[in-house]
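Presented sequentially are two complexes of chain A, the first with chain B as partner and the second with chain C.
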Partner chain A sequence: MFGRKGKKGNYAYTVARVKAKKAGLLKEDAYSKMLMMSLPEISRFISESGYQKEITELTGKYDGVDLIEHATYTNMARLFRGILEASQGELRDMIAADLGRWDAWNLKVILRGRSFGLSADGIKEDLVPAGELDMAHLEKLMGCETDEDVLTMFGKMQKTSIPQDVLSRYKAEGNLSVIEDYLDKYFYEKLLLSIDPSSRPKRLYQDFIRNEIDITNLETILKLKKEGISGEDVLQYVIPGGKQIDRKLATQLANAESVSAMANDLAQLDFFEEIKPALDDTNSLRDIVAALTKYHIKQAKTFSHLYPLSVIPVVDYMIHKENEVNNIRIIARGLDSGLDREVIRGLLVV
Partner chain B sequence: MPAQDVTPTRSVLLEVKKKIKLSKSGHKIMKMKRDGLIIEFFEVMEKAKAMRSSVVSDYEQAMEKIAIAIAVEGEIAVKSAAYALKNEPKVNVGSKSIMGMMVPKVDADMSKCTILNKGYGVISTSVYIEEASKAFEKLLVTLVRAAEVETTMKRLLDEIERTKRRVNALEFKVIPELEDAEHFIKFRLEEMDRENTIRLKFLKGKGEAA
Partner chain C sequence: MDIGLIAIGAGLAVGLTGLGAGLAEKDVGAAAVGAITEDVSLFGKAMVLMVLPETIVIFGLVVAILAAFVLPGMI
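Here is the complex of A and B:
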């Protein structure tokens, strides 16, 4: 059974690997300890907690907080690609679709770097090859002559193509946001399509992703509302497929007069209680977004142990690994820039 | 113009008198200008003080927001978002007149800089990055306005100094010298009048004796 290729996927093998790795994740109290450390102490601490290879490898290239950030990203990318390579069948398809967010991220980094005039080496430093496209593929993308060539090649690698109207709009406006927003929508569309909701764990996973879409949509609507943008201008950025925020609710939220006026419409959502205290026009959106992120991670924890032989433990591990990398970076960057320890603690998602 | 260098003629006397009148009215106007500039300077100084504290608070806020954005999203994400930026802030430089002195009028136009046309995606760009970007836009506008006020203040100081020098020069050098010259010419003309009278009397006496 282990490692055997099958249409349904090698759940037992992949989950066993992932469970072993999950045991190595930092515990909650480790973050409190790290908050009291200096940067060299944090580097040493994380190198003793599974990041040694990357810290040693990158010491010659980076130092201080940059070393911590690049080492944690590199470690995460290797682990995610390791899981992807170990999985097979439908499990692989689902993991690949989930990791597609990193492919989209890397494509954005390449396009942004090119538009700024960065060299290929400069762009390469900022890539996180945690998705289906490894560094060799990404180097091919960087080697393309024009942005259209990059997009065409990316389409070929992903067995899809960027719609002509998106390309025409990008050519006409020269604004990368057209491509970036399309990539984000395409990622969720592909991810939802990769999940066949025929079994309970896959339905749970699908619900989790649809919840993520709701959270992303709410964040987008709030961002645009804060800028005074409403109506159809907001709706074009709403990703279809959300669980609770359907087109009707999205329209109501988009047409609300202010952030605080959205409270009534948001009251029906599961996560309303989490964001209720922060729903105020005078408040920063950061508080709402932080509450939503914490809610999303909490959701993952609630069902992670329910179906041991499914995609759920794998996704749960990937979420927690990414969260660990984010938390380490928050502490390191926060301490480096002199942020108050209580502010840093507030930014952590534990 | 030392008094001894003046030709003591009636036409020069008229010219010197004209100059004295002009210098005195110039002195009066200059003094008024100096006082006006000082009043203006104190007003601008209050503005500059307020602008400096705005710059400090906006800078602190922007730095805190960028620190949080870098911590939460990572330097790579923040750097990448910065690379995508398309809209450069527009700075309009003009000039205005304060008591005849030209000072710069600078405006930073960020009105067209919305989340929709910044260059990065609306969906994926985090609130942390967006808030940091907004904070820096605000800081830029404040800095540009502060630059205008500070430059105005420096120009006003230079102008006050220059006007003060002119007032002093008129009051203690030009006008006294002109008055000395007037006095000298008047004295010389009177002297010449007396000489003429004596000469005429002498000639008259000589004629009567002959």
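Here is the complex of A and C:
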């Protein structure tokens, strides 16, 4: 009754902070304004919209699109870590597990950077230290001699170990996708394990994550299909634990002849209506991915209204924040490379 | 004996409503502090919401006063 039993989280405090932060996110019309601006104007605009500290700190070091990219990532990492530090008990555990996606992201960035021969500074630019591993940990990983050392040290930091068969496959094939695929599976497995479905909000959160797995799997299947890969080769990349896309449906989808031929199998999914207009062989994969992202954001918003004192409003905010950062980066990168403003607008997820 | 029961009733009216208000304020207070941490301009609104549950104690106090001063005259 008094919320002192066990490790119950400080939901009211954390959710109120997150809701206040969410009120400060950029509105839809801000993106239209930014599309009409030059890069220095965008830097000034975002510095007046919550990114001031990062823009001021990084102005001497970077400029143009690099400044915007660094400022947005640094800001996002700071905010997410701030939420993690403000939360307690089971709420903290769930947020930490969700932020584990950034640990996986950072490891992928480090390994990819090393494979392209980037310097530590070059790799550092794309890191988002929002997870359990802060910049000091990530610098240690970057300082390792070989990729194997990186993976071993990452395993130690995460109090786990990368399975020997994954390591030997990576060594034999030299293909980073083996490790990336393992990291995705490991992250979702850990995240699902962190949720104790003893109450309705937590069951809802579990459903939400399982839905996210479905979306990720569908994106993977579609991407591989566009590359002409199908059948068993696709199935090895499917993350277990999805809510609607089980192994049987994944096999059917993987064996479908084209994207439009997948429509029949996809019709049984809850979110079919949301992606139906984008499911056309003439449409690019980007349209389907954008439709899936929009659906995911919509789900987060709906769930967060259902249970205000749960982890869902926090996750909802983190998804919205990540989307805002992605949109700003798309606009900055698009303008920098001279893309047409209408094309950039089409790439935004609003 | 009757006076004693009336006094216990009056005490319960204030005590239980105080407990109820405390429970309600637990989450309201935590949320108010969280909101003010992010945006100090929310202090006024948070303060109003914070004291709202205390109205329950006022009802309890009114009941206790009635019990303590009006009921003995009716016996």
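Here is the rule we use: the second predicted complex is superposed on the first by the 343 of 350 C-alpha atoms of A that agree within 3 Å, B and C clash if a C-alpha of one lies under 4 Å from a C-alpha of the other, contacts with A are read in each partner's own complex, and residues count from 1 in each chain.
One rule holds in what follows: a contact is a pair of C-beta atoms (placed from the backbone, for glycine too) under 8 Å apart; a residue touches a chain by one contact, two chains touch by 3 or more.
These numbers come from a predicted model, not from an experiment.
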| Once the shared chain is lined up, is A:Phe45 touching chain B (first), chain C (second), both, or neither of them? | neither
Original post:
Looking at the overlay, does A:Leu309 come into contact with chain B only (first), chain C only (second), both, or neither?
Top reply: second
In the superposed arrangement, does A:Arg17 touch chain B (first), chain C (second), both or neither?
second
**Request:** Would you check which partner chain A:Tyr62 touches, where first means chain B only, second means chain C only, and both and neither mean what they say?
**Result:** neither
Between chain B and chain C, whom does A:Phe272 touch in the aligned arrangement: first, second, both, or neither?
neither
Does the superposition put A:Gly334 against chain B (first), chain C (second), both, or neither?
-> first
Larger residue footprint on chain A, choosing between chain B and chain C, goes to B
Interface residues of chain A shared by chain B and chain C, listed none
Within the complex, chain B is touched by chain A residues 66, 69, 73, 104-105, 108-109, 111-113, 115-116, 118, 126, 128, 174-177, 179-181, 183-185, 216, 219-220, 222-224, 227, 229, 233, 237, 239, 284-286, 288-289, 326, 329-330, 333-334, 337-339, 343-344, 347
Residue positions on chain B within touch of chain A in the complex are 63-64, 67-68, 70-72, 74-76, 79-81, 83-84, 86, 114-124, 126-128, 130-131
Seen from chain A, its contact residues with chain C in the complex are 1-3, 10-17, 19-21, 23-24, 86, 309
Interface with chain A, chain C side, in the complex: residues 23, 26-28, 30-35, 37-39, 42
